[in-house]
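Structures incoming, each one as structure tokens.
Here subunit A shows up in two complexes: once beside subunit B, once beside subunit C.
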Partner chain A sequence: MATETARKPYVRHRSAMWWTKNPRYFLFQIRELSAVFVALYAFLVLYQLWVLRQGAESYRAFLDLWFSGPMVLLGLAILGFTVLHAVTWFLLTPKVLAARLARSPASSALVFVVMLAVWIAVSYVVVAFLYAPPAPVPPGGH
Partner chain B sequence: MGAPADEVDRITPVFWGLFSLGGFVVAILLPIFIVMNSLAYAFAFVSADTITYRGMLAWIASPITKLFLVVVVGGSLFHAMHRIKYILYDFGAARHKNVIEPLVYGIAVVGTVAALFLAFSFP
Partner chain C sequence: MAEKTIQLRVMRYRPERSDDPFYQVYTIPYRDDMVVLDALNYIKDHVDPTLTYRWSCRMGICGSCGANIEGTPKLTCSVFLRDLRRQPVTIEPLANFPILKDLIVDIEDFMDKLLRVKPYIIREKEKPLERGEYRQTQEEVDMFRQQSLCINCMLCYSACPVYGHDDRFLGPAASALAYRYLQDSRDEGGDARIAAIASTHGIWQCTFVGECSVVCPKDVDPAGAIQQLKAMAATKLMKSMLLPLASR
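And then the complex of A and B:
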């Protein structure tokens, strides 16, 4: 009990490309990679708000960029990553619940379906409340 | 002699909590926001009025929109930066934990504060 030994932890060697060797690891890493696109989109929105503050002229120029082909393609790619993230997140929700509440695995499918329903319902609410068609712009405006 | 037994790591659970909360924001709110903000006009689902300068100012005038933007941007950043931290670790950067941790969470905090200021700067 008296002797203290210097700690020399074992560090397992792992190649930086370990995740290409197995499809499961590949899906895992693609899902992790979605984080880069999510962060990118957050910064694009900050930039959008910044330009919106600059006034009408700046925002008009920004719109040409925002709805250009490459930006729309990027938007589609980011949407794809977020949908992959959403579905895998909802698939693991029942596992977290099971760990916390000791639910039976049989209810996993139900939790997943409920999460999908919540997702669709919230999306509908967002469109209905935040993106309701604006009141007609009075003539002479713009 | 190790660390005293009552020395509990209180910081890590906070960031895991924000990661988890952000995960739900990214899963439930971000896809529809991307559709409405980046794609709906491009695919002619909404009229041009919604994306003009005036349309955007009318949209952002609502306090709910401002709050929505802060939640989406902040939640996305806390979730994404946490994951990016572990991506960097997975690629063998765990040695530089002392640099990476303040950097990733610093970016998330600054981005969230920026979203708060930008969103609420509009009338």
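And then the complex of A and C:
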């Protein structure tokens, strides 16, 4: 038999601006937003490859656009958000990893520092490869 | 010396009198050794006996006195009035739960979620009593000890924006409890438990905001537990795809 109850639960409405009420919620939203910029960069690189295939003329036009003021600003924004994206995820990685070194859980700081160091090292190798002076043509070579 | 006073702005909801919650400000005398719960008890005893809230142990272990203090979920027995700088101090029921009366929220949904993760040791076959207890090494206990300290205070649910958005989400404490049993060397119910939580509204709905671990009064780290559950569920899925026979 159903019993009569005076219960009248009140469900509160959550404000659309909930993420502005706490700095950690805000950082979370920024971290999520940063993924959009990372994806945008991936699309730009794909577009660059596609333009490259269209021939030298189109690629020169693309480069003019690429180094124009607004695009440089966009590039800086992408760089900033990509660094934020990487660093915030590196900070969270120890929680997912649960790496155990010699029976005791690895310290979060150690995991973060190792990942950061590997990231910087890989970036250095890539940059060194891209900006290395062209190798001298061996004598008799083409 | 004049008595020190403090202003508390408490959210009230009296379903028998009004349709909506409202705020009521109380000014009460206080001493430096008083916590928010002492202030609520003072109001109840000396100012307004209609104020309703849950509490029991007064020492941060029963998990029943949680409320949002200045917007952050906390145990009211663990926050000293002297540490609250801004006045009036706003005290509201835990966010993301329906309010039943004043600071009391409906915890039924949370109770259902706890049951969903099968929070007990599952054995394929119990060994006979005369063969003694199931013994564990200290390392085996350490694998789940942190997650076993949960006091079901629900502060993590109040801090979780994902649960606030969609209450079908399993949520932090229930997930941490699932992790606690999955990591227990005595437990053999792993498959059933992972199947119960690795669903759309299970662990995969978590977006790793991490606030649950920040507000947890017992350092249970539900956010970490959920991410490790995701890794466990993904590994299990990959194994069953790559080695379909071995995973049976």
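Rule of thumb we're sticking to: the second predicted complex is superposed on the first by the 107 of 142 C-alpha atoms of A that agree within 3 Å, B and C clash if a C-alpha of one lies under 4 Å from a C-alpha of the other, contacts with A are read in each partner's own complex, and residues count from 1 in each chain.
Here, a residue touches a chain if its C-beta (ideal position, glycine included) is under 8 Å from a C-beta of that chain, and two chains touch if they have at least 3 such contacts.
Quantities reported herein were computed from a predicted structural model and do not represent experimental measurements.
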| item | value |
| --- | --- |
| First (subunit B), second (subunit C), both or neither touched by A:26 | neither |
| Dominant contact partner of subunit A by residue count, subunit C or subunit B | B |
| Which of subunit B and subunit C A:9 touches, first, second, both or neither | second |
| Which of subunit B and subunit C A:67 touches, first, second, both or neither | first |
| Touched partner set for A:95, first subunit B, second subunit C, both or neither | second |
| Overlapping contact positions on subunit A, where the subunit C interface meets the subunit B interface | 14, 19, 32 |
| Subunit A contact footprint on subunit C (complex, rising order) | 13, 15-16, 20-21, 71-72, 95-96, 98-100, 106, 139, 161, 164-165, 207-211, 214, 221, 223-224, 227-228, 230-231 |
| Contact footprint of subunit B on subunit A as seen in their complex | 14, 16, 19, 29, 32-33, 35-36, 38-39, 41-43, 45-46, 48-50, 52-53, 55-56, 59-60, 63, 66-67, 71-72, 75-76, 78-79, 82-83, 85-86, 89-90, 118-119, 122-123, 126-127, 129-131, 133-135, 137, 141-142 |
| Residue ranges of subunit A in contact with subunit C within the complex | 6-12, 14, 18-19, 21-22, 24-25, 28, 32, 92, 95-96, 98, 103 |
| Of all residues in subunit B, those that touch subunit A in their complex | 23-24, 26-42, 46-47, 49-60, 62, 64-65, 68-69, 72-73, 76-77, 79-84, 86-87, 90-92, 107, 111, 114-115, 118-119, 121-122 |
